[in-house]
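Below you'll find the structure, written out as structure tokens, and then a few comments.
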Amino acid sequence: MDTLYLAIAIFLLLNVLGGLIRILIGPSRGDRMLAAQLFGTTGVAIILLLAEALDQPALRDIALVVVLLAVINTVVFVRFAGRPTAQPGEPGS
Amino acid sequence: MSALGILTAVLIIVGAAFYLAGTIGLLRFPDLHSRIHALTKADNLGLGFIVLGLLLQADSVSVALKLLLVWLLALAAAATSGYLIANHALESTSRERPDDV
Amino acid sequence: MGNRDPLTDPGMLVRILSSVFSVALLAVLAFAVLDLGDEPTGLTSNVMERIDESGVAHPPTAVLLNFRAYDTWLEVAVLLLAAWGALALRQATRLPEQPAARSPGPVLDWLVRILAPLAIVTGVYLLWRGTDAPGGAFQAGAVIGAALVLLRLSGYRSVGLLSAFWLRGSLLAGFAGFLVVATALFLAGWSFLEYPPERAGLLIVIVELLITWTVAVSFVALFVAARPDPDDLGEESGGGHV
Amino acid sequence: MTFEMIFDGILAITLVWLCWRVLSAPDLFKAVVLFITFGLLMALAWVRLQAPDIALAEASIGAGLTGALMLDAVGQITGRRFPYIRSDQPAGEEGDHGQP
Amino acid sequence: MSLFLIYALAATGLFVICLHGLITRAHLLRKILALNMMGSSVFLLLIAIAWRNRIDGVADPVPQAMVLTGIVVAVSATAFALALARRYHAETGETELSDEDGST
């Protein structure tokens, strides 16, 4: 069972790797934030799986903290950092 | 492996599949808004199924409650973030801004 | 970046030299790591032997607040200096209000009403758990501070708007609390920052509470003070373009 | 070769690669988002190394303060309408050295 | 290849990359990012060593406590550096410190 949890955790980590491509190619800042957002949720799932696999209940608190604070980055982005449209001059990859 | 174990395994694998769908959606969909659409559905359901699977293995009520809380908060946070980013993108494209290149 | 001739461009030369140096350093460091050997050393057994005297059951917390309390004390001093320095940079004696922005909208408002109280409760929970499980003053302070930042960001602009006296006092609380406890113990015949085993638990809880509050307020101060104050420069106010 | 080791290997390589991209990505905003991801993955590394205290600190500080500060700073430095930028700044500048 | 070696080697790699970045990148924000990650790499090495020195499954708590201290110091330094850089940018409109020969 623990092997399954770890295998799924690896699978989710590979998902994060795939999602990184979206951060790299953009094109808009919103797209990049969206990918970062997905990584937050994926990280939570990985931490929960590891908590079960490694039998460390304290890890669930970490998942809780990640979930609670993940929205801060989005709010800062929307209020202060979002120059939102894709930039034509920006390098593609 | 017990029946409960098999059910957990199935639920977790389904959850992982939703994550895969979300990532593919993130990479393949043509514009920001459809990506948000794909993403919020996929990661909420993905985390939901994984939490459901782990719930069956929870050995105490407090662990189960914590897992549920994580999922509910993730649901709310993802929905709000998706809304904020979509709204932000919408406003900035509909309004001509002299400072945008 | 590239496409330049290293003979004529000093920037390119620096880049090449730095690359060569980096590769050499990588080789040396990797060799050092591989050379470390297998037999465990370290202080694990020393800590575990005397953990009963520390007043807490969780080893890292015991190290932080008892065995190596000096480090923690000076860390609070660093935090104090950073927050105070950042505030001085904008020549403000109190936290300014954030630039007027449109309302956060009902969706964000709804979320913040759920998240912020929960985050503060989680912070208190982490502080409480810190004596016998992962968690403790810094994590608790960070979570509470982040919750306050979130509140400020979503339109509750008076959050953390302490008067100069209370702001400075809060920044100082952790440092001063440590100092008072240490001095009192010193006067009572113990050496500096050495807790008597039978009282250690209580004293650590007091110091932890103060540190949590200091960390939380420092985070809010650092976040808000990072924005240069438009008034300082005599320009029209307004931060981001929102 | 156990599953644990595969996980650690992927995580370690991703961390190094992310670090390199953060420092070499031409767009500053991209670098900051990658940096936030780096912080998240770092928390996973702490989990694997049996340091849950540090993972907790990394998660709360990375998500709550460092990431927000960096995004805010990048918003100021690349934002064209930020009031402090003098009018003699070239209008199309991304604000990052090394932009081709 | 043990868990210790994987993370310790990753830490050395991170350190070297960040050092190189710190030297060659001129943009202040980039330098702050490099410094921050450089700190993380040192922490990673320390925690990997703490894991190596575990006894009965308990990792060495002394480096862990040190790193916890270090993380708070690192975040304080990062925040202060950012405040300085942003003030500098607000005053001058520059994002790089210029060299004597002007080649930034």
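Before moving on, here are some points about what is shown:
Note that the chains are named A, B, C, D and E in the order they appear, and that numbering of residues resets to 1 at the start of each chain.
In this section, contacts are C-beta pairs under 8 Å (C-beta built on N, C-alpha and C of every residue); 3 or more make two chains touch, one makes a residue touch a chain.
These figures come from a predicted structure and were not determined experimentally.
Counted as hops between touching chains, the shortest connection from chain A to chain D is 1.
The most distant chain from chain D is B, comparing centres defined as mean Cα coordinates.
Greatest Cα centroid separation from chain E: this falls to B. Pairs C-D and A-C differ in how many C-beta pairs touch across them, and the larger number is found at C-D.
Put simply, the chain nearest the middle, going by average C-alpha positions, is D. A separation of 31 Å divides the Cα centre of chain B from that of chain E. Note: centroid distance chain D to chain E, computed from Cα atoms, is 12 Å. Mean C-alpha positions place chain A and chain E at a centre distance of 21 Å.
Those residues of chain B in touch with two or more other chains are numbered 73, 77, 80, 84, 87, 99-101.
In chain D, the positions touching at least two other chains are 4, 48, 50, 52-53, 55-57, 60-61, 63-65, 68-69, 72-76, 79-81, 84, 92, 98, 100. Shown for chain A are the residues that touch two or more other chains, namely 33, 35, 58, 61, 64-65, 68-72, 75-78, 80-83, 89. Chain C contributes residues 1, 60-61, 126, 134-136, 138-139, 142-143, 145-146, 149, 219, 222-223, 226-228, 230, 233, 235-241 to its touches with chain D in the complex.
Within the complex formed with chain C, the residues of chain E that make contact are 5, 8-9, 11-13, 15-17, 19-20, 23-24, 45, 49-50, 52-55, 58-66, 68-69, 71-73, 76-77, 79-80, 82-84, 86-87, 89-91, 101, 103-104. Chain contact summary for the complex, chain E toward chain D: residues 1, 3, 6-7, 9-10, 13-14, 17-18, 20-21, 25-27, 29-30, 33-34, 36-37, 40-41, 43-44, 47-48, 50-51, 54, 57, 59, 64, 67-68, 71-72, 75, 78-79, 82, 85-86, 89-91, 93, 95-96, 104. Residues 3-4, 6-7, 10-11, 14, 18, 21, 25-27, 29-30, 33-34, 36-37, 40-41, 43-44, 47-48, 50, 52, 55-56, 59-60, 63-64, 67-68, 71-72, 74-76, 78-80, 92, 94, 100 of chain D touch chain A in their complex. Interface of chain B with chain C (complex): residues 73, 76-77, 79-80, 83-84, 87, 99.
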